[in-house]
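Both complexes below contain chain A, partnered by chain B and then by chain C.
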Partner chain A sequence: MILVGIAYNTLVVAAGVAAVGFAAGVVGALCVLRKRALVGDAAAHATLVGVACSFLITGRRDLATLLAGALVAAFVGLGTLVLMRRFTRTRDDAATAIVIGVSFGLGIALVSGLPAWGYAESAGLEQFLLGHTAGLTASDAALLAGVAVLAVAAVAAGLKEATLVAFDAAFAAASGWPVAVIDYLLVALVAVMVVAGLPAVGAVLVTALVVIPPVTARYWTERVGSMLVLSGCLGLAAAVVGVAVSAGRPGLATGPLVVLAAAAFFTVSFLFAPRRGWIAQRLAAARMSREWLQDRAEHARDPGGMPPAMFPDGEPHP
Partner chain B sequence: MMGGDFTWLGPNPGIHGWAMATAAVVSASCALVGSLLVVRRMSLLGDAIGHAVLPGIAVAVLAGGRLGGPLVFFGAVAAALLTVWLTQALRAAGGPAEDAGAGVVFTTLFAIGVVIVAMAPAGTHLDAACVLHGELAFLPFDTITLAGLPVPRAFASGVVAFLGLAVAAAATWKLQVFTAFDAAAARAAGLPVAALTMGLLAATAIATVSSFDAVGAVLVVAMLVTPAAAAELLTRRLHRMVLVAIVLAVVGACLGYLAAWRLNTSAAGMIAVVLGIEYAIAAVIAPDDGLLARLAGRISLAWRVTCEDRLAEAWRAEEAKRPHAPAATLIESCGAWWLSRTGQIVRAADGPRLSPSGRREAETVVRSHRLWEAWLGRHAELPVDHLHPPAEWVEHHLGAAMRQRLEAETGGRDSDPHGREIPPEA
Partner chain C sequence: MTPSVAHVPIVEFHDVTVAYGRRPVVWNVDLAIDAPCLFGIIGPNGAGKSTLLKAALGLVPMVGGSVRFFGAPLDRVRSRVGYVPQRETVDWDFPVNVMDVVLMGTYGRLGWFRRPGGHERRLAAESLDRVGLADMADRQIGKLSGGQQQRVFLARALAQQADIYLLDEPMAGVDVRSQESIFRVLAELKREGRLVIVVHHDLRTAAQWFDRVALVDRRLVATGPTAATLTPENLNRTYAGQIEVLDELARAVAARGRTP
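Presenting the complex of A and B:
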């Protein structure tokens, strides 16, 4: 009965954003495994400049044009990071923070200035700050879904190499793999997903789309393949929940809702996941100390034989 | 138009003076705290805290606090400490690594803050635009009366925050320096490093919240990190770095505000842009390893190598009793011109010859070259035809002391492995 009230357009848009959520989860999982979780943040904050410049240059505001500009700006931001690493002694963390702050400031200055400079039709660009799916059309959704499919295909094609580099970069380099090239490709893929996530989640929070689902998935599995798929599914679910909730509340941006949905999945996993979850770990710790206390009590009654091991699997304390 | 008067600022320049003063004082606070964040490699934590104070501020405002008031400061510090505690708790529980954990925590807290702000009842002094880029232009209209003078509330609270942070930094200065350069040694020496770190994070939250209504929660990272990183390029002493960062921050805030007024756009955005330009200039002109200094160093080295190679070539030609080889490239021609200009090569009846001063220079280079070949031939077991290239590199970088050691280690031979004489030390 509820579904009847939802317009066809909303469903199509939700499907497109869901595809982006899936792909961002998959790409982000590789990135988190490579311990580069926050690299997407610099790209994300730089995208706003690209959106504004692309509107200024072409005068058009269809999604493909704006996102193309955003992608160029994301690469310029990441390229600035590479140049700063090469030519200054500013350390990586400060360089990332500078790119985030300065590029976002330029983006804010451009987006705030455009109406005053006579570009009245630029209204709406500020929706890329926190994400708004209400204005998306079915063809926009198709574009986003296409990007998502290509990104997942790219991950599938390079999964072995990316996994190798993520788990043992030194071994990969010694075996002759071009580690730097694989890293650059991975970061480029993250930039693509950040840009694809921009319309729904916005520049400020889109990095959550490539960080929270992978970190959540890690609680449930020990295998790369299943972590990637699970992370993608969590991203998809968060996107769907965010779009659905924001569809009913026009004053609320989509991005924070997507992030809160992802954070809810994270919280549940952190608490309740088997083995790695907080409760499971507390129970395991309590069981371990209880068994050890029992063993010690038995040993005190009958002091023959070995004293109780520290670990329940029978090995003596190392 | 921009002459001596400030009519271009509009009918009420005092308003802009107050707005600029507010921007300057809050960015000075950020630069002070940011310098310590940058040297302790905690810049991204500063970014995370900038985002994460939002729910603390929003809840405090809903509970009746005012921006610039004590309740909001308390809420922001609580949210910042919550961020750090959550990140560390996740990691301690076997969860994600530090950066991924911070990524989860600060995006979640920021999202919560945005939702609270969006659902806040109308009339609350908070809106989404303020969260993202502040409302510097409106600040001068919210005043309190101090000594009979209406002073913008944000300016007054900014000054109090800056003075408090400056006193705290001065009181703990030695500890800060020790911890910044070797946290492990400071901990081993029994100093309260963990408490100091927590204090720094609380200070970050205070600087963030004092600049919140001027620049919002996202752009504060530019004010925290950019002037500090620029100052780090310009000087190598921590106390000078803090002072330079504060000066850069104040100049950037004023120029950014004026630029925004001229361009009719967001002041916070333009302040971030001007700070970025300051950083870029610092990266170019930094005295030790700025781009210009590196370029000048490379050019002067290349020039010295060219001139010394020409001299050594001339010396070898005269040793073999053949005429000097002509300059093959443009830079060699320039080197030859310079050498004859400075009188190291003079024109004789049978072509160019080394002058006595040029001969001394050339003998030093050839002596370095042949001593190195002799040393390599004796100690490195390289075939004879592999000795020349490394010597060709190193001949420009050996000093008199090193030549003396080489001579001693080659047993005082007077010829190189090719059988040619090693010229004596000039």
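Presenting the complex of A and C:
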């Protein structure tokens, strides 16, 4: 009976984490298309402060309480980023690096300092560093899955607006769309998914779940809609692999396994994807060069002739 | 050019001044356009032509001044103003096809959360047809030539069904055939009674295509009917110091004169 219970719990947790992986991939795809890949990283590194403060203030260590604190901290971190961008002359990349470094340092100081200051029951908070699914309960998993469903629903509702802003923000603004508001909503959604990914993947690595699946998906598709779905599926698969492998080996953190799985998908795509993959690109370049040389040999071309606007791309012409 | 019946100008720039940091890039521009026409904003690189357009659209903040469309601030007449940004401002490797981009022109009228339907798709298809890209609807946008990409942007603006069109350097990096096709569409828009304002850097084609021009070098140097405005004297004041440019331009303008 106990064995069945454990297996059941593992399955429920895996399902919850899988839902988070899917939603992180979907939200992350919009974020990458908007060229804001590092925003998630800033939010993620700020979460540890929130986890520690939440514990300090409430004295509780259930998942919902800790994650609520993490979300607040993520928003504070992102708010700092926005303020630095607006009121100091710090460049975007430098501002992001500063927020990541400072908030993470503060988080680590708090989490590692708590036991020394007499908060013995704070042990375990450091699991938010690298992710650890073994301690999750079925109700934790249900919470995470609920957040994931809401995030995907939000993307489905605002896909038209988000795509418009990601592709051409100036045009969107000129046609009256509140580009800043749409950007803030997107960044908030990223923060929510980063926080939802914390228990499974951890603060250091969770951004990989928001960035690697979208970049991988882009290799296989030329449309936003299919890119989002594929990115979600890749995130889901990476999450499941991570949970499954770490479940069999107590003490092995889930986060690194999730990231390694995502990286494996990326490597395969980068090499073997049709058209956009590295091998396909090399073959296409070689073919173009060969066809051109052949063409030139057959028709002795006027060397001063005008080049065409573009090389034919090898598709059959009607 | 028929005189306008209305007393309110279609577009009115009043004392527009824009600065990047403390450096003024547009200075005290007063400009009113009363009747539908093809209107060129001409000037050297860095003269603030694009900035003037962006200020009119609220994309860059003005230090002072105002721009009114049909006598109203932009926010009240957004759906009547179409915009074609510079082609290099977007990532052409973005995962959308030609039809997706043109449909974006209909989003403004659709509003929040409503998806384009049959009506919008027909409108987008017609717009694509007008710029001669009807058979490219399913192409990924990165597989188009520069001229085709610019025509996709024009089609997206056509799908906005606006009464005023603002185009930012639509001929930059565009082959001659695409240029002619774009100008033909712009001339059609004018005949339909719409005002078309084009930021443009090539004086030879400017003399050929525009009804009226404004010569801009941070401040407004001269404005009026093209032939009367593109005089050697005005050009000299606009392109001050750029001797080679001036020589070439003077010859080009003299040779072309004004074609209706």
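One rule holds for everything that comes next: the second predicted complex is superposed on the first by the 294 of 318 C-alpha atoms of A that agree within 3 Å, B and C clash if a C-alpha of one lies under 4 Å from a C-alpha of the other, contacts with A are read in each partner's own complex, and residues count from 1 in each chain.
Following the convention adopted for this analysis, a contact is a pair of C-beta atoms (placed from the backbone, for glycine too) under 8 Å apart; a residue touches a chain by one contact, two chains touch by 3 or more.
Just so it is clear, the structure is predicted and the values come from calculations on it, not from any experiment.
J.: What does the overlay on chain A give for chain B and chain C, a clash or a fit?
T.: fit
J.: One more residue to check, A:174. First (chain B), second (chain C), both or neither?
T.: So A:174 only meets chain C here.
J.: Roughly how many degrees, to the nearest 10, is the angle at chain A when you join its Cα centre to the Cα centres of chain B and chain C?
T.: One gets 70 degrees for this angle.
J.: Residues of chain A touched by chain B versus by chain C: which partner has the larger set?
T.: Looking at chain B versus chain C, the one contacting more residues of chain A is B.
J.: Check whether A:157 is in contact with chain B, with chain C, with both or with neither, and answer first, second, both or neither.
T.: In the superposition, A:157 touches chain C alone.
J.: For A:289 in the superposed arrangement: first (chain B), second (chain C), both or neither?
T.: Neither partner.
J.: When the two structures are overlaid on chain A, which partner does A:166 contact: first (chain B), second (chain C), both, or neither?
T.: Only chain C; A:166 stays clear of chain B.
J.: Is A:218 touching the first partner chain B, the second partner chain C, both, or neither of them?
T.: both
J.: Is A:38 touching the first partner chain B, the second partner chain C, both, or neither of them?
T.: In the superposition, A:38 contacts chain B only.
J.: First (chain B), second (chain C), both or neither: which does A:58 touch?
T.: neither
J.: Closest pair of CA atoms, one in chain B and one in chain C, after superposing: how far apart in Å?
T.: Minimum C-alpha separation, chain B to chain C: 7 Å.
J.: For chain A, which residues belong to both interfaces, chain B and chain C?
T.: 35, 218
J.: Give the list of chain A residues in touch with chain C in this complex.
T.: Residues 33, 35, 157-158, 160-161, 163-164, 166-168, 170-171, 173-177, 218, 221-224, 227, 309-310, 313.
J.: In the complex formed with chain B, which residues of chain A make contact?
T.: So the residues of chain A touching chain B come out as 32, 35, 37-38, 41, 45, 84, 87-91, 93-98, 100-102, 104-110, 112-113, 116-117, 129-130, 204-205, 207-208, 211-212, 214-215, 218-219, 251-253, 255-257, 259-260, 263, 266, 270, 276, 278, 281.
J.: Could you pull out which chain B residues touch chain A in their complex?
T.: Of all residues in chain B, those touching chain A are 38, 41-44, 46-47, 51, 90, 93-97, 99-104, 107-108, 110-112, 114-115, 118-119, 128, 132-133, 218-226, 228-229, 232-233, 260, 263-266, 268-273, 275-276, 279, 283, 286, 289, 291, 294.
J.: Which stretch or stretches of chain C touch chain A in the complex?
T.: 54, 57-59, 75, 78-79, 81, 83, 85, 89-91, 94-97, 100-101, 104, 107-108, 110, 112-113, 115-116, 140, 143, 145-147, 156, 160, 175
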